[in-house]
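Look for chain A in each of the two complexes below; its partner is chain B in the first and chain C in the second.
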Partner chain A sequence: MSDKQKLFQERLARYLTALDCGKPDKVPISFSVGEWAVKYTNSTLQEVYYDIEKGNSITSQVLDETLSALDFDVFGGGISLWWPPMFDVMGSKLYKFPGISLEENSTFQYVEEEYMKADDYDEFTANPTGWLLTKYLPRISEEFSEPGSYRSCVALIKSAAAFAMANNSAAKGWESWLGQHGLVPAGTGFSKAPFDTLGDALRGMKGILLDIRRRPEKVLAACEAIIPHNIAYGMITAQGDTTFPCFMPLHRGAYPFLSLEQWMKFYWPSLKAVIEGLWAQGKRTFFFAEGDWTPYIERIAELPDKSILFIIDKTDPVKAKKVFGGRFCLYGGVPTTLLTYGKPKEVKECAKRMIDELGYDGGYVLAPGGVVMGDAKRENMLALIEAGREYGVY
Partner chain B sequence: MLTTSGNEFIPEAGTCVSWKIKKDELGELPGNEEMVKKYWDMLDAFAYSFIWFWVQR
Partner chain C sequence: MAVSTLALSRAMAELQEDRVLAEVKDLLAEGVAPLEIVKSLQQGMVEVGNRFERDEYFLSELIMAGEIMKSTMDILEPLLSNEKGDYKGTIVIGTVKGDIHDLGKNIVTMLLKGSGYQVVDLGVDVPSDRFVEAIKKTDAPLVGMSVLLTSCQEALRDTVDKIRAAGLKTKVVIGGNYIDDTVMRFTGADYFATTASDGLRIAQEVFGA
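The block that comes next holds the complex of A and B.
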């Protein structure tokens, strides 16, 4: 076994012990390379978005430099989230990307619209996959607006090919980052809360919030129809892996988008069903609860023990530890705003506090409390890792 | 509803055109069915993840 393989086994044991609410030798530390790293290079964001290899190489460079001086365990991923050419060839209306519709150092923007109309609920609910392919994709894609036409056929071929190419590049990046550095992945696979699938990309914020008042039964039926798809999507995108949690960014479920009553009726039942469906297949959920989820802690505690990894952003850490401690692993707790606006000393103090409050008996992974934004400072990211090893040895 | 070869069906979660449906159309295969099924399923899952990718942002 090589040194990197030994390191991988050590870190894997550390992470898995924490995920199972145990006390490893050290608090596992999770680190990701995001758009914040690009400003320390000569590259533009457009170059990083369009040239996946460049994005991968910057990620490798950051890992090489960081790991030569510091030690962490879990890797959350590299810079590139999406490959714009896949969207460009479809004439996609969903996003604006740097270099084509935004200036070259701007991050992407999502263009939220009611791409699914209120009248579409019944057809979508009856056959979600069929409706997405035949109705939704033509609406969001100028080049695919007339399925069967020459332009549309060509666009679909190009975009599907781009999807495969982007996935392949991402897989190669991961293989290199994990293999060469002995790191373990934070998660595998991707899924969402059914209410978010409906509210983010289909009905939009305004649409879904009107729907829960004007057509509540349609919303509930659509969420119910999405449940098996979000379980299947999570397992397919994880390629069947059940060792690591399935990443699930949660959006409209943060307080106070919905009242407790609305959350209980519209958000929670279908999300709970997806998490339980994944757990029934041995797949834990990375409950990426950005924002404040404090009012829902008791409800979330209904989930099976160890079925989630709960991220602390603005959720009350003390209450979360009191209710979830020993049942769900906790992750995060260091505000992303602190990584942007704070100083290394403040980051270290915060990390120490989180280790003391959340990790004193295990079941905790030190990490930022959300997606680290492009304006975060490198010295703060490094301070987080330093604090983890300074204060996080049991 | 989608139509294929005159048969209407609603694809199950995780599939676009499941092997079961295709197998009914193909009937008995003269060679190794498992091999054909394996790659059918792999590419069907790819198509499924492509379709759902657009709403799983």
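The block that comes next holds the complex of A and C.
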């Protein structure tokens, strides 16, 4: 076994032990290379977005050079999240990317609209996939505005090819990052809460918040219809893997978007069903709870033991540990704002406090408490890793 | 008459959409002055804001209140054309350059309008020059800048600088989920708000009404 393979096995054992709420030899540290790394290069974000190989090579450079002397376990991914050409070829209206509609060093932004109208609910609920194909696609992309036309067929071929190209580049990147550094992936697969599927992409925040007052039964029926799709989507995108958790970015469920009563009625039952459905197949959920989820801790505790990995952003860490400790692995705790505005010393103090509070008996992964934005400082990112090994050896 | 406008305020506070619209039409038919009706809707909106402050109402209720208010104003505004000049004051508002998020801006705009302010909404991704132009044109004593992305702080600071460089004495409030005292000092703004009701309170302070 090569040194890298040996390192991989050690780190894998460390991560999996923590995921099962056990106490490994060291607190696993999870790290990602994000847009923050680009400002230390000669490239603009526009170049990195459009030239996926450039994004990959900057990620490799950070791993090879900047992080070469540092020891961490889990890798959350490189810089490139979306490859804009795959949206451009379908005339997508969903995103604004740097360089064309935003400044060259801006991050991408989502254009939230009611792509699904209030009177689409019944048709959507009866056949979600059919509705997406015939109604949603034509609305979100200019090239698909006439389904079945020559133009839409060409766009379909081009966008499918672009998607495959982007996936291929990402897969190659991952292979080299993990293989050459003996790192373990944070997760495999992707899914969402049904209420977020509706609220993010289809009805938008305003639409869904009006719907829960004007047509609550239709919202519930649509969420119910989405459950099997989101379970399947999680397993398919993970290619059947059940070793690592399924990434689930959670949006509209953060407090105080909804009241506790609304959350219990509209957000939770279908999300719980997706998590339980994945868990029935042995797939753990990466409960990516950005924002504050403190008021819902007791409800989340209804989930089966070890079925989730819970990220602490603004959720009260002490309360989370008290209720979740020994039942769900905790992850994060270092505020992303501290990584932007703080100093390395403050980042280290925070990491130490999180290790003491959340990780004293195991079941904890040290990491930022959310997606790290482009304005984070490199010295703070490095301080986080340093603190992990300085204070996180059991 | 007082009894029916009170019922309207209550229906507004309770977010009874159909009932509010029916009451507005009934009151107009009874000959009640449109401005009286608007005032009673505003009382209802103030109660909506109070309930939000007490954590009895959440975002869904604020947005619903905004929608109801908008439907009623569609009916009432054309009738108000002869009664202009009754605003508490004018406020310019917009999301700063580089940021296209508008939910927070729209909610605070709705609450401010509902409380009797005239709001000039410049939309999203607004360059600093457009803020300056709008302030000059309206002579607004207060300007609100909304932001969600932390990377847009430079845009906030730049806009405040431009306003000051133009010699305008307008008070500046910046609003957004992550905004705090540090960000306020960095940008040179006069006030900051993290919720829509903060924004309303600041307007009351600036306008004394």
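Definition applied: the second predicted complex is superposed on the first by the 392 of 394 C-alpha atoms of A that agree within 3 Å, B and C clash if a C-alpha of one lies under 4 Å from a C-alpha of the other, contacts with A are read in each partner's own complex, and residues count from 1 in each chain.
Here, a contact is a pair of C-beta atoms (placed from the backbone, for glycine too) under 8 Å apart; a residue touches a chain by one contact, two chains touch by 3 or more.
Note that this is a predicted model, so its numbers are computed, not measured.
Peer 1: Mind checking chain B and chain C on superposed chain A, clash or fit?
Peer 2: Result for chain B and chain C: fit.
Peer 1: Between chain B and chain C, whom does A:Arg213 touch in the aligned arrangement: first, second, both, or neither?
Peer 2: Second partner only, chain C.
Peer 1: State whether A:Phe287 touches chain B only (first), chain C only (second), both chains, or neither.
Peer 2: In the superposition, A:Phe287 contacts neither chain B nor chain C.
Peer 1: With chain A at the apex, figure out the C-alpha centre angle toward chain B and chain C and round it to a multiple of 10 degrees.
Peer 2: Rounded to the nearest ten degrees, it is 110.
Peer 1: According to the stated criteria, A:Trp83 is in contact with first (chain B), second (chain C), both, or neither; which is it?
Peer 2: A:Trp83: touches no partner chain.
Peer 1: So, does A:Ala126 touch the first partner chain B, the second partner chain C, both, or neither?
Peer 2: First partner only, chain B.
Peer 1: Mind working out whether A:Lys192 is in touch with chain B, chain C, both or neither, as first, second, both or neither?
Peer 2: A:Lys192 sits against chain B, while chain C stays out of touch.
Peer 1: More residues of chain A are touched by which chain, chain B or chain C?
Peer 2: B
Peer 1: A:Tyr341 in the overlay: touching chain B, chain C, both, or neither? Say first, second, both or neither.
Peer 2: second
Peer 1: Scan A:Phe257 for contacts with chain B and chain C and give back first, second, both or neither.
Peer 2: Only chain C; A:Phe257 stays clear of chain B.
Peer 1: Report, in whole Å, the shortest distance between any C-alpha atom of chain B and any C-alpha atom of chain C after the two complexes are superposed.
Peer 2: Least C-alpha distance after superposition: 16 Å.
Peer 1: Let me check the overlay on chain A: which residues of chain A are in contact with chain B and also with chain C?
Peer 2: None.
Peer 1: For chain A, which residues count as touching chain B in their complex?
Peer 2: 94, 110, 126-127, 129-130, 132-134, 136-137, 140, 159-160, 163-164, 190-192, 197, 200-202, 228-233, 235-237
Peer 1: For chain B, which residues are in contact with chain A within the complex?
Peer 2: Those residues of chain B that touch chain A are 1-2, 10-16, 45-57.
Peer 1: Give the list of chain A residues in touch with chain C in this complex.
Peer 2: 96, 102-103, 106-107, 109, 111, 205-206, 209-210, 212-214, 256-259, 262, 337, 340-341, 373-375
Peer 1: Considering only the defined contacts, which chain C positions touch chain A in the complex?
Peer 2: 15, 17, 55, 58-61, 63-64, 67, 98-101, 103, 106, 149-151, 178, 182
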